[in-house]
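Notes for the one structure printed next.
Labels run A, B, C and D following the written order; every chain starts at residue 1.
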Amino acid sequence: MALTLAFLGRLEDVAGAATLAVPTLGTIAAIIDSLDPALALALRDPRVKLAVNGVLAGERDDLALQDGDEIAFLPPVSGG
Amino acid sequence: MALTLAFLGRLEDVAGAATLAVPTLGTIAAIIDSLDPALALALRDPRVKLAVNGVLAGERDDLALQDGDEIAFLPPVSGG
Amino acid sequence: MSVAGPVDVRLLDAGFDPAAVLTAFAAAHPASGGFVSFLGQVRAGDGGAAVEALELRHYTPLTLPAMQALAATVMARWPLDGLLAIHRVGAMAPGDPIVLVAAAARHRRDAFAAADYAMDHLKSESWFWKREKVAGAWRWIEPRAEDFSDLARWG
Amino acid sequence: MSVAGPVDVRLLDAGFDPAAVLTAFAAAHPASGGFVSFLGQVRAGDGGAAVEALELRHYTPLTLPAMQALAATVMARWPLDGLLAIHRVGAMAPGDPIVLVAAAARHRRDAFAAADYAMDHLKSESWFWKREKVAGAWRWIEPRAEDFSDLARWG
């Protein structure tokens, strides 16, 4: 099993894909560290918010993650 | 020749007509005095504005009037 | 219904279709990102207070010229691409449109402020007199204190 | 296009007709005297900055639920008869409608405030990401400082 990472907005361009399957590492911090450095840098932008399984996550580095979870990275919005 | 008086809004009900032809008396005050007392009272309401020939008149009692003029009595508006 | 230039002010003695007007207005201003509109329609009313009919009277020499002057003031006060103001006169039934104001602008806030201002001034300063038929009897509508406080917001 | 109840919130991946929606909305609220609407459409742009296409992305688990929560907040804050919020996602061309918000109320000021508030929050707090194609190249749109100052007005 694995985790799914979802990249919204311009993060999709940086990631080169809308979603990415990654091994289930224990924390967000560990997952981000395992990614391409340019992508990791973009994801660590303090304006990027996280949602786990569709629920906004307040704390980003110490979430307990499980197989099948979807972690979405949400850059600043620009709607309407 | 004569003057035309135009009654807008509820003043039309008080006057019993939308317009009234009256002899050309010299001033608004004289014209109002010549009308039915109930109508005269309604026209003297300080909220009632006047227009002479389609132009709002600031002073009401001392306008110089001429044959053929139209004097409109405009009660408070309630549009939209 | 086509839209006449950046400023389109009309006094109508027959019904109109607000949706068709707004469609034409939006199409006439392709560079505008935002359109704010206000539509006033004859309220159905409730139970005993049900409005059976509404009549709006105007005074030809003043009413349309004053609406045109208001439109010019609004155009000068906000950067708009277009402004539309349509007002009915005559007899209307519940559900009939009475007034439609629409502002087209690059920036949303300008369109909101312009439409809001135009409505406040149409309501309290334009030359219209309204009467309603309720329970078979006509009564003239007096201006509301609220209309004047709305107006005072604009300084 | 019919209107679903007092609160009607939709996320659409295909075009819609704002005029038809507004007609249905007004008809659905006969007791309302006033309707305020905001329509945002894809701007044509000028010369070299002409927008050739616009794309809006959303995140399914968050976007529509957040719009519904916003609508509930607006309904609780002002006495409205109805509130409509329609937002496009996907690819759009100049002139296409992007967002339509409409508020129906007995009192004009409530409808203006509700539509204004809803738009400020849709613009700056809703889960949409926008990119534009200009001169053949796509670029992501960053939030504007103006969006946050608009939001701050509501305290």
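Assume a contact is a pair of C-beta atoms (placed from the backbone, for glycine too) under 8 Å apart; a residue touches a chain by one contact, two chains touch by 3 or more.
Going by UniProt, the chains are A, B = MoaD/ThiS family protein.
Every value quoted in this text rests on a predicted model; they were computed, and no experiment measured them.
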item: Between chain A and chain D, the fewest steps along chains that touch one another; value: 1
item: Inter-chain centre distance, chain B versus chain D - centres from mean C-alpha coordinates, in Å; value: 50
item: Centre distance in Å when chain B and chain C are each reduced to the mean of their C-alpha atoms; value: 28
item: Chain centre separation (chain C, chain D; CA means) in Å; value: 23
item: Multi-partner residues of chain D (at least 2 other chains); value: 40, 119, 123
item: Shared interface positions of chain B, touching two or more other chains; value: none
item: Contacting chain pairs - touch in the sense defined above; value: A-D, B-C, C-D
item: Complex interface listing, chain D residues touching chain A; value: 40, 56-57, 59-62, 87, 98-99, 119, 122-131, 140-144
item: List of chain A residues in touch with chain D within their complex; value: 6, 8-10, 12-13, 51, 53-56, 72, 74-80
item: Interfacial residue positions of chain D with respect to chain C in the complex; value: 18-20, 22-23, 26-27, 30-46, 94-95, 97, 106-109, 111-112, 115-116, 119, 123, 146, 150
